[in-house]
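Presented below is the structure to which this report refers.
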Amino acid sequence: MKLTAVFPGTFDPITNGHLDIISRGRDLFDRIVIAILRNPDKDPLFALEERAEILKTVVGPWSNVEVDSFDGLLIDFVRARGARVIVRGLRALSDFEYEFQMTLMNQRLEPGIQTVFMMPSEAYSYVSSRLVKEVARLGGDVTGLVPPDVATRLNRRFAGMRRGGGRG
Amino acid sequence: MKLTAVFPGTFDPITNGHLDIISRGRDLFDRIVIAILRNPDKDPLFALEERAEILKTVVGPWSNVEVDSFDGLLIDFVRARGARVIVRGLRALSDFEYEFQMTLMNQRLEPGIQTVFMMPSEAYSYVSSRLVKEVARLGGDVTGLVPPDVATRLNRRFAGMRRGGGRG
Amino acid sequence: MKLTAVFPGTFDPITNGHLDIISRGRDLFDRIVIAILRNPDKDPLFALEERAEILKTVVGPWSNVEVDSFDGLLIDFVRARGARVIVRGLRALSDFEYEFQMTLMNQRLEPGIQTVFMMPSEAYSYVSSRLVKEVARLGGDVTGLVPPDVATRLNRRFAGMRRGGGRG
Amino acid sequence: MKLTAVFPGTFDPITNGHLDIISRGRDLFDRIVIAILRNPDKDPLFALEERAEILKTVVGPWSNVEVDSFDGLLIDFVRARGARVIVRGLRALSDFEYEFQMTLMNQRLEPGIQTVFMMPSEAYSYVSSRLVKEVARLGGDVTGLVPPDVATRLNRRFAGMRRGGGRG
Amino acid sequence: MKLTAVFPGTFDPITNGHLDIISRGRDLFDRIVIAILRNPDKDPLFALEERAEILKTVVGPWSNVEVDSFDGLLIDFVRARGARVIVRGLRALSDFEYEFQMTLMNQRLEPGIQTVFMMPSEAYSYVSSRLVKEVARLGGDVTGLVPPDVATRLNRRFAGMRRGGGRG
Amino acid sequence: MKLTAVFPGTFDPITNGHLDIISRGRDLFDRIVIAILRNPDKDPLFALEERAEILKTVVGPWSNVEVDSFDGLLIDFVRARGARVIVRGLRALSDFEYEFQMTLMNQRLEPGIQTVFMMPSEAYSYVSSRLVKEVARLGGDVTGLVPPDVATRLNRRFAGMRRGGGRG
């Protein structure tokens, strides 16, 4: 059978932990659609367009991975894309509670779509977009935690903020 | 791509929670191999042969599910069967720690084999083989928690034990 | 002895999980007082008056349940109502940490008032007011997770928001 | 309404944490029946008779508390005693998983019987029968963690073991 | 060897749980530097200057404890102070996830600096600055949870707020 | 001040996760005493003498680390050695509950002795003696998880068992 899987997230920005999961997922499924949450409610560091641009560059070499975005119910997006699987990363240090709640809710909203969890390498067990941004904002080195292009963009962004009057 | 997934366990006995996961897994993968752990070290309630017989009956209607058994390293079995995926059920009430440890160890032993976790319906969030056996042993009704044939066998087994001199 | 129990919460809106706990509580205690937190600090979806109106309709058939509201310390409200018990729902997927902290603090503030935790049916293990609102806001169906009247109000509210210019 | 609550456990031996819960429970319910699990499968330190004797002495001053024992399904015992509530202590450091599984199972076996959880004082958050026995066995002082009579019995028991050839 | 340890936090305000950890830490290390996070992003109840003043009064009698403040990366502050240890309190009821993520990140940023966790007495297992402020704001008594001077300041501050137009 | 710290454990066998903690601990304290639990109750894979021999070889190059063994209360051993600190490793995947219970109990038994927790590198987050033995027993490669000498001994031991009639 031909299976399309959706890997949803905010990707603000993508980390090497995300990449690790995408790489594992594309090994199992015929096609991975990375679904960037547009989330106009939050205030992302990178605009949707820049997040999409970064992702496309990073996953460019992988022929069976594509980048899209969504708002509304994830399950509606998954259906619209003709996918039957949602892939989620699960770190020992991540938020189980939320993942479980969402999965049970999504099973209820659409029993025909399955959620599978995959674990990133232990090397990424503590890496989250939030923590990476926090460290980069304070001038810490995030090389090795995000793709090189993302590290460059984070440094440029926060250096600009600091030049522009400090972060306070 | 053609994907075979292995669903390992002791299945002493199979519960409706296991069945729920197998049903989800066979929806995603071309073939599911249920791998019964022979575990001569523990003292199972049902012998390997009976566990296999039960499983074969229960999954009989599903053409892409087969039943096998293993000892030794799971990862060796997965390789030998030409599979590339391990499927594990993950309940909100189950043992994360052990699952995480095993997954990271298996990633290290064989990076080419992926572990995916799937959640059973919330209706089975509290059902485990151990608890089902404990309740059945004490004369409680386990209908609806295990396939009907298993309920019958549990009742027969424990009635025999009680007739044979109490459970003490 | 005659026992009054207080079931505090924001109830923005009440879910079937809350109702499940109230129903269990009224089976044990002579009177249940549902205590709606006025919380002027947060920005609730339903105003206090509407939350109270909904609750009164929903628990109307139960003679030993009444609806009240409070701000200030919960323990002061409990004392003022002549109650000696606080009832809290505890889901496998809920926030233990906060519940434990509050209970130990309340034991300290007033040793004569006891907190008891009750578990809702597993069918409601993933249902929270927050998640229900999120799903309804995005157009998902929440029938069966909240009382029918609440589902209607949620749909009406969010449809109005969408008509009024999108949710962004 | 007149409510009888059952507080089940092994009580091998009773700790001050157990007593704290019994004291809170008797404040809420008309009658507390302490139900000692006979568990012939495990190898208790104190025989059922001694555990019952200890409990009766300790709760003697409380007129609405009585001591009984059971084997078989707890829910059958609760029914037989005409009780409608099961009381369980829940420590921040205790085994949630097991408590949740048992509660959901018991809800299923008998929807008319409710389980309520109560928290002991933080002073007992780390006290368990197992830990108390381990410390006493190695000659540590357990005064303040168990009733005085239990401390005396533990010392006598383990001193005898040490005289009788060491604990090895 | 001479060891300086840094104990970082917001201390808005210091609690007896913090003091318990500082007291344990000063027993082990030659010098403890309390590092107040300046965090201009949050809206603290007490300004940095008042938090520092409180801390200096409270730890005044301890000769090997000093008070400082920082922004930027903690690890940079630790290096600048010539310290080699970060001390963190770890309560059974606290946020493990965050602590683990930060510790692994800090190990990566500077392998030569170690993080050690210490547990406060169980008496403080539920005490946090946030909860203390919430209780004090609502008029509850926080004596025994914070140093006497802090209790006085909290009462004065919140009484002023209430006089100034309620907390709403 | 001169500080001696005790690092207790069964070390059956020592893993690279243990070594990581010892290495961090010797960086902070003047002397580390590795305290092997004699535990005659369990059935260790390596006898006490062999565990001590392995440890002495492995930590031989570190001048401020020594190897000893104990039974009885850990706190008595710590006192007897003139130590004031107990060092424990804390993995995101380890048993918090037990660690917390033991620490609070030890604080009560001897307030003058502190327990500090240190985290191993994320590379060892899933490594435990138990898991290493299980993998080695089934013929899996444990290189990199334990010191080379331990890997050799594990292979020899389990090869002998397999030759001697299988592991069943």
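A, B, C, D, E and F label the chains in the order they appear, each numbered from 1.
Basically, a residue touches a chain if its C-beta (ideal position, glycine included) is under 8 Å from a C-beta of that chain, and two chains touch if they have at least 3 such contacts.
All values reported here derive from a predicted model rather than from experimental measurement.
Chains that count as touching both chain A and chain D, per the definition above, are B, C, E, F.
When chain centres are defined as mean Cα coordinates, B lies farthest from chain E.
Per-chain CA centroids place chain B at a distance of 34 Å from chain D. Centroids built from CA atoms put chain F at 48 Å from chain C.
In chain C, 92-93, 100, 104, 122, 125-126 are the positions where the chain touches two or more neighbouring chains simultaneously.
Inter-chain contacts occur between A-B, A-C, A-E, A-F, B-C, B-D, B-F, C-D, C-E, D-E, D-F, E-F.
Residues 1, 3, 24, 27-28, 30, 84-85, 90, 92, 96, 100, 103-104, 107, 114-119, 121-122 of chain F are the ones touching chain E in the complex. Per the touch definition, chain C reaches chain B in the complex via residues 92-93, 122-123, 125-126. Contact residues on chain E toward chain C in their complex (touch as defined above): 93-95, 125-126, 128, 131, 135, 138-141, 167-168. The touching residues of chain D, counted against chain B in their complex, run 40-41, 71-73, 75-76, 97, 100-102, 104-105, 109.
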